[in-house]
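Sending over a structure as structure tokens; questions will come in a sec.
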């Protein structure tokens, strides 16, 4: 989609005011033709400290962004074949596609935030196991920081001083799942964990597939990935880092209890709801759980602990995560629920949050937008 | 909605052929203004052995059915204030509303199929606990049959010879949940059970409520009933009847493990998907599970065991239930999934299935319609 | 999708009773992998006088139908590469694909109902103009009957006695549009006609395309085909046959006023609503219009004239068309609205209706299903 | 919905930076419990020159805003029963509710932007005719400015210097309809106008009604308001102000041709698409039309003329209006289409745009947000 006559000047465009005196950061997006790429453009375009220096997408050299993302037709961007010179680069590519390029770029001093999975897992053997490829830069995995600020804020900040700066930005399901249960994990309360997750369709990407057509998806719900969804790897890695000692997530006889994770496709475009069912390691009470969660998240700018089950719509378009915890007195189980917008807190917004931390900017810069409802 | 000029004769109407010579059964529906009532009319109108003798709805005396259910405006029915004389009566009322009327009617020899919860639970103390009312006819509870044909077919058939004939037709969630796990329960394989269920909006009934408006529901998903959904009572009652001995659904130390049940509202009109997560009492294999399920359901006209996760859309408008079972080798858990149309197999269709059994008719009479997709 | 163990016998399957003694008609469907093909199977499977002798789909030889249409996995059909021997064949192919095969088949005495456009237009020059191909069998166009029973019932019936029997089954938009305005056209009342049509996504077929993905369609509405939709050709052809003399659809100065037709894509799966805006040739009144419509359709088994604007949902899954007419006293314009299920009355159902007429069967055979709502 | 523990400080909240030194404008919203009210809060909360001084809603005194609008639960606002002292007040009330209060308030020097219809129409006799009430302050109607900046920018700006400042902010349908055809009207090109409009459900407000429930709306489309929608009054008033002389919108014989306007309800939450069908007063060409539109809107910050039919989704959440014009060479008609987000450019956003003009602020202040897609 093209505008017949673009707006005559930048001032007439609906763009962000950019008041700060400081030097602006030039950023590029590699993989700007997908949904996460478009969302990065939407948010970065209004980021007060950023200039978008380049947008890369394969086979679309020279095309205005409106051809790929009609809602962005009013912005001045054009897609390039090659990565622009930038201070920071966001990668939004399928798995296996960034791991070749990122280490070189990072070695040149460019900050890299990778929205794909190539730098999320620390153990190189997880890549052949879960993603089916040998990681070409296993050494870089040790340096990369898992970009969930609520778990790794200090590491993200300290990246600023490091020679190579690589962030592996979390998957959408792990973001919701980990924020739902992190306080329980840290407190050693998880004896058994079932994550039953529900996602809108945009999580599956923008490539046309028969099972993602409107007629196939609408008025239907189904489970998928039942034979092992790749996001399990991240969830288990991060949970292992949270639990205080071996006594949790382990059977009475010492056998590890792996996390059960079953995702579902919901007839909606955006949003993830992670319902987590936890059998606790000991008796707990509702007030105890509420205190635990309120304390865990009270300083968090983007996590809101709410007093009733949250809805995905109520975080739409924002970087917010809403969390609710409930103790079922009848069964003794804990129910912890989290909702996010999979393309914001589950992708582009979270990547920008990490970018902000890494650059010493206010963590919320460019992410202050309130949710859009109804 | 009214037709300007109704079709001149019954033969010009799109009605069912009614070939059989036998005496036809006169049926009435009490509560015909709700969704389940409309669905009963849709299906009974085409039932080869049935005449609809009366449709009752409070405050709608004399109104043509098209005023309440515009899609049925082409049928000749009018709503009454009083129950018509009938051989069989379907009740589709809110909880507590049928228990006063049903025993008298049943004592008069009328077969009653109650789609509400008033005759589902055998233990009278469950009514104050789960539904907040004292059951006015506790003696009738012992006689009533829980109308899930896949679990109680012989009892439903033998009702024919009994002086009072009352069927408590199952709730929509219990139907899907029980059909998902019944083979495991019978085999004593359930050590721990989490039911994470997803329902379309029609399950909440047709009364307007802010949280069920299109703008509230669309593009959103949420859990609800987290403090204890009433359908748990049925699920636990029926599971207790299935498990072979005390060793199942019980902790190592003998403590009962109650069923965890969390329902979710999905932005779709019809359909229930019950995802059940089971920790088995012993090691099992995928072939063993498939054999167990195939055998359990191979004679069932309406239960189909499928080789991949089923979708609600693929049973839409039909009385089918599709079930899928999967053993996760990594975690050792079993995943069992069932889908139904909540208004057919979860309500009106299942009630007619029980009605057929009770009257010695072919079990599938009036229910042969294939699913409507896409 | 495959059933682990199919039902042991046909009687256990939810299939139609087939009571009639008469010889059954063997039918085949060419193009059974698309939506219209699936809908033909759904309806023909329950048709009391029909046996499905073969289902053809390119590149799917030997595949069970459940692989293509999961909701039909419980039926016994397998897709073939070649057309089965049959008494009647339904074609459900893209334009240009049936015109080579149909004449030969029809010359062999097979009745052909073509759901594609290849036999809808009588003027061969319309094919290069609207569809971009030279019709390979222009002679056959004169023999083919436009299969809208409400306009051509006698011709369809008389086909039975003809040596070649070819029905060009109408497009979905023309069906709704023509039924909306036919009484006005016949009465010479149309001075100027704007058809603003709204369609669900299934009308665009089952091939995956980026603009038909759930994420693209949901929560959006748009016009398309603004440069000339092919269905205009049918609409104008049939309207020309209806208007009594040259004075209608013609300017005061004798210049023909072509029909304006603009279709829109609506975020729903099924359904067409045709809103037609008519400037009448003379003053009319609401009672006059209601009488005109009631009389026009009072003998029609599938057309219902209703007293308020109809909704697509209220004909879902049925062969019904609902029509509403309104005179705007302020502007003098007439508003005529029609709704259908695009895959039933707009495709498979209408084709079966014509098939019934052509074979001297009751017109409603196999089409008695009531609409599915909510 | 309530947060368990609100964020400790404003800086931790995801709020807008407010950099400007100038005095901030205190605004209040009357009617903050509806959708337009919520949208005003969403946008004003991030407006760089505004402080929200009060939010009023009947029967909700003292309730936190999250109780009414869960997505805003993270903001600090509480609903009041009385109007706060403010420099400017936005009214978002049903028709007839603001006309009593506004004149007094305006006489006290408060700027009023009324999102309801009470100050849109200049002719007092239009109120009993279209809205069924006698306007209590007919004198104020002469002073009020119709708040469509694209038609009345100078008047809105000049309000600043006037003693009473009242803006009647346009209805959602008139906004889309007028922006679609304004260039044609100004050029005297409209001989005949049919507006066929499509709206999402949020346009009907947040009060629960059976016909707006999810189950009623989803998978359905219907026309409504066919007996005369109130928005016609605005459309005709503004068109009359645009047409250059009596020769347009008038028959050959001098009779006024009233505007035909038929709205439809679409199964989506937000968005309006106005499809306008115009018979021109003389022959035109596509290049001529494109030039006409490009020129008309080239200085507009929020109107984008695009080269293909626009989709509602591509302006979601933004204050943009996209317009497309097409000449049908076959019929000679013009097709002009406009899309807006009914709650932004059709309500809250447009009101803020007028507010900005009235206060001499940059017209785009607080409205720079890009659309949210997919």
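We just call them A, B, C and D in the order they show up, numbering each chain from 1.
The rule is simple: contacts are C-beta pairs under 8 Å (C-beta built on N, C-alpha and C of every residue); 3 or more make two chains touch, one makes a residue touch a chain.
Just so it is clear, the structure is predicted and the values come from calculations on it, not from any experiment.
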Exercise. For the Cα fit of subunit C against subunit D, please give the angle of the superposing rotation, nearest 5 degrees.
Key: 180
Exercise. Name the chain whose C-alpha centroid is farthest from the C-alpha centroid of subunit A.
Key: C
Quiz item: Once you find the CA centre of subunit A and the CA centre of subunit B, what distance in Å lies between them?
Solution: 40
Quiz prompt | Centroid distance [mean C-alpha coordinates] between subunit C and subunit A, Å | solution = 46
Quiz item: Rounded to the nearest whole Å, what is the centre-to-centre distance of subunit A and subunit D, using the mean of the C-alpha atoms as each centre?
Solution: 35
Quiz item: At which residue positions does subunit D touch at least two other chains?
Solution: 35, 202, 206, 215-216, 218-219, 267-270, 310-311, 313-314, 316, 374
Self-check item: Residue ranges of subunit B touching subunit D (in the complex, touch as defined)
Solution: 35, 200-202, 206-210, 212-219, 267-269
Practice problem: Using the touch rule from the top, collect the residues of subunit C that touch subunit D in their complex. | Solution: 192, 194, 196, 198, 200, 215-216, 218-224, 226-228, 252, 257-260, 262, 264, 266-271, 273, 275, 277, 279, 309-314, 316, 326, 328, 330-333, 335, 337, 339, 374
Quiz prompt | In the complex with subunit B, residue positions of subunit C that touch it | solution = 1-5, 7-8, 12-17, 19, 35, 38, 42, 45-46, 48, 69-75, 202, 206, 218-219, 269-270, 290, 293-294, 297-302, 304-308, 310-311, 313-320, 364, 367-374
